[in-house]
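Take this structure first; my questions come after.
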């Protein structure tokens, strides 16, 4: 039995279920409680769970995120909302040193079962400082885990896995996906948990592999339809879902099947998740590649504001189709 | 600031030196400036709702006396920098409505060529350094402008604006310590409209008397100002600016004010976290434009009709700006790749060495 | 704190309740604790100079009464977290010399398995949460420990230490506001040794009376303490801890103290930014161990010989710790890859899904 | 005419010359003045140039770096020392938003001629939080420039180029190189400026290309000697020197010559500079590759303290040799 939920509702349901499951789960962030969340992900939760479990914070990301990390060391399981993931910049030290390194530096005596979540995307006309895409940035730090759901079902499943995980997990949501709908298993069928580290083949194909995560998956799926309809090209779409841990086996499997790859990644082209995936593929499936791996990334400039062209700076189906067609 | 403070017996700041020297024309200009800001934003709101803009629109309506009053004191070596609620300051420094409106429309003719949007207006030629979206992020920049002024030996100061919610960002505190330690001519103007998004001052800040008093921790001067009274804004800000210019001593000014609209136009909760009575009280009793207009009429400087005419002209100017913006060309894809590096924009020899960009 | 403050007429805190209840044995323990810290570090210094350790060695020598006095007040629900100058606190919470010394030697038997080093001692089983190298970075963590205590309904507090240079980090200020706003049982202990590396307090901080007074900005309680007097440290810290435990109210305590050595052993300038007279004055007149030893002799609780014996035992314990460390095995390459993730360390089902590591 | 200087002296000479050339150049940072610099790079400069030009700051990286950025907008040319580049974490917002984006967001009305410099390396026994290697991290932000000199001559030449550049340039030095010596052209021969964006072929070879930057270049050169002497393999060593702008032509040239590549990069393996370089090579020199590109990075964990094995976590000549020998 399956229902249709928005990505936002799916996240909320996941949060709500985990709040019910474990009294140490506490949601914190700016405007998450009384205001119901800047993007309404936490709508109704404060009313249901009250002041202790759903906590509004001042605009002090370094302070409250560090506070969450400290509390997690004592066994609390904070789920911290960054109103935008872009605001990681003012809390970076807490995010990459305290959360990522305290276990290591203590020789394993401490762990930080904390979740940081919020939207991490461009495309909403809020300019350069508000449109960072930091999946690759954080996945580069051993000690951290990173995931980026593309669908409502994955959003619910991954947020639940993240909360149960005993390591810091950074969940990258997407403002432009919050309103999208999809089937999500009914709670009566049991816990819907999507493990970290497991990619999902969102579309089968034989000619080329499109590998993506987050909203780029949606673009890749749209591009695959066009490629099929207009060019007779059968594209397989692999949704990474989790960036670290990363499902390297699934990546190599699709490459070995199609022998051609286009990576779709909302990151800027210097680095990003796709540079890492390209590096892994060329190293571990070198003999299977019939053509160089190509990438469709965000055009290499700070995010432009103008809504007339902002979407053209980002990966989109037509840029993907074009890129695929350059591959012989 | 609490309404209690606002409602306490008022001093009349019209007589302070910096206001006494105002000519009638200049006073009318100040009224016009505030009205222009309001009409500009009302037009922006209309076309934002009509889908002409994207992202956030943070309206300054209700706060006009703060930008107008403080910036009216600026001389050629005084500089201005603020956060994302930046339209009022932009017009107050003398930016024209066309380039500001076009910026919001995301057009090439925008002050930032459509690259910055509503939160990122800039006009360095008018000593206006933005428009910054990261809460508190502009506060060290304002410090740096003050540092630069002092380094270059110019007698001037930097007015750096921030909200009541921004005072809890660490960078602001680091800036306060540096400002006091290095004796830098920066004035931090807290525009206290009582709320950071849906969070009231009480729910976001711990403080003793008021937020400006945090200055004492750094042995810095501070003052509180009623932001509905343009004369008071000018009188008290002038003192801080002179202290900065002449003695290189920084200050915090906390100016109580109010925004009539939500945090941004997208703020669906604007009437949930504030009572309709509270909003109505400000509009009725503390509107800076209404009060100053009334004052100038009392002073015999304008008539009702003249004031209406100013208002009408401002509305027409704003409407024209919307037409200008609408008819302007949008940036094209190649525009995405300019204004990243000075060297590549200027096609210098350095720009021809190595790859600066990595588009696939 | 200025020497003026230190040299003002002293109160006798021996009579305060929390000191009156000390048994003679407990008093001797406190003396022993301070001496153990000093002997431990003297041994560390010797073997650091002999090349047995790497990185920095930040000695606590001169500051012993701060960690010893404050931590002596801790009960089972009180927690401790500090910066990189962390040996004193480690021994004060009851960590053994062997695992601490072995940590600095970079050995498997170290408290952090040789992964953290001198700056990163940890013992969560003793409520000791490190040892943190980024200046100010531990201050939000301390807040979090306090948050956790309150959340879990435990009557306890967190002692979070920082230096006089660390007060200018933004994260600390964000923490102060949060502590006061949320009523969290955290006590920020500024160990004011007068310098951050080579920079005196005056050259790094703007302040009115003292650094702790910055608490007022957040309507928070504060106090200043003479860190050479163990009784005073205990008496005043006790008040703050009770306020935290019973009323969930935070405090800042500024404890004046002094480090005899340089910032770290690598600090070649240690005698340049401070006059030899200044250093000598502290050693002669404000040494916490000398003063407390003298006091206990005056109180008839120890004899000179007994005190010397304590000192000798501590030195022997430290020497033994060095032998233990020296003889312990070093980590091996596979050790590099453990303690990164809880899930992989514990070989959970989750750890078997996907690649967690990317070694070529 | 050439002299031998240490890397530290070469940097200092470069700073000194630029202080003399332009009265708007000002050095700032913690302990750079009266203390002569934590690593003595600025030794003597305060004495020579005084309080106005050499400025000690409190431990407020976000505050003083933002201050430098603000001052640079007004035409001052601040050279900011981060005592360790690792401390970028507490100033990240200023580094990646204000410095990197203000030009863009202002439509080109503003520029930030600022330099940030300091050591960025592991290997000195200071643990995880003090051993970050952020070249790749910052190069990922369009608007920023990044370089990493490996020799005294390059250190001097690049710091001078950085100071003259009208964009923000982040110079990544290395504590373990400060004491190393090398020839540096005499000032009497004219200004020694090494342009950003120009790689340097530090050793010619024909069998394999070792591509590196920073201290990894030194390891690559040592490995090349071993490969020649013990295995008869002729390795070419390309020193990237500048990460952004990047000398892609030089990278492709050496690959097209040797057809085999090992990238040496002190970054952690997820991402880093080397993942980007690998991605570029496989894309643009696909047909020239006789074997997959391999990398030697820092072992994928936070930096371990223990000096008994810390150097083994990092790239070193024997790890490079081993890696080269795996390539057929």
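By letter and in written order, the chains are A, B, C and D; residue numbering begins at 1 in each of them.
We take it that a residue touches a chain if its C-beta (ideal position, glycine included) is under 8 Å from a C-beta of that chain, and two chains touch if they have at least 3 such contacts.
What you see is a predicted model, and the numbers here were worked out from it, not measured in a lab.
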Identity of the chain that, by mean CA position, is farthest from chain D: B
Pair sharing more residue contacts (C-beta pairs) when A-B is set against A-C: A-C
How many Å are there between the centre of chain B and the centre of chain C, using C-alpha atoms for each centre? 45
For chain A versus chain B, what separation do you get between their C-alpha means, in angstrom? 36
Taking each chain's mean CA coordinate, chain A and chain C are separated, in whole Å, by 40
Nearest whole angstrom, what separates the Cα centre of chain A from the Cα centre of chain D? 31
Residues in chain A with touches to at least two other chains are numbered 58, 60, 62-63, 89-90, 93, 97, 104-105, 127-129, 142-143, 244, 268, 270, 276, 283, 294-295, 300-302, 304-305
Could you check chain C for residues that touch two or more other chains and list them? 112, 114-116, 120, 132, 134, 137, 168-171, 173-174, 177, 181, 203-205, 339-340, 357-358, 360
Given the complex, residues on chain A that touch chain C span 24, 26, 52, 57-58, 60, 62-76, 93-94, 97-98, 102-111, 113, 142-143, 145, 161, 165-167, 195-198, 242, 244-248, 276, 280, 283
Complex interface listing, chain B residues touching chain C: 168-174, 176-177, 180-181, 203-208, 213-214, 216-220
Mind pulling up the chain B residues that touch chain D in the complex? 79, 81, 110-116, 120, 122-125, 129-132, 134, 137, 139-149, 151-152, 170-171, 173-175, 177-178, 181, 338-343, 345-346, 348, 350, 353-358, 360
Along chain D, where are the residues that touch chain C in the complex? 30-31, 34-36, 38, 56, 58-60, 62-63, 86-87, 89-90, 124-130, 268-270, 294-297, 299-302, 304-310, 312-313, 323
Where on chain D does chain A make contact in their complex? 62, 88-90, 92-93, 96-97, 100-101, 104-105, 127-129, 132, 136-137, 139-143, 244, 267-268, 270-272, 274-276, 278-279, 282-284, 286, 289, 291-295, 300-302, 304-305
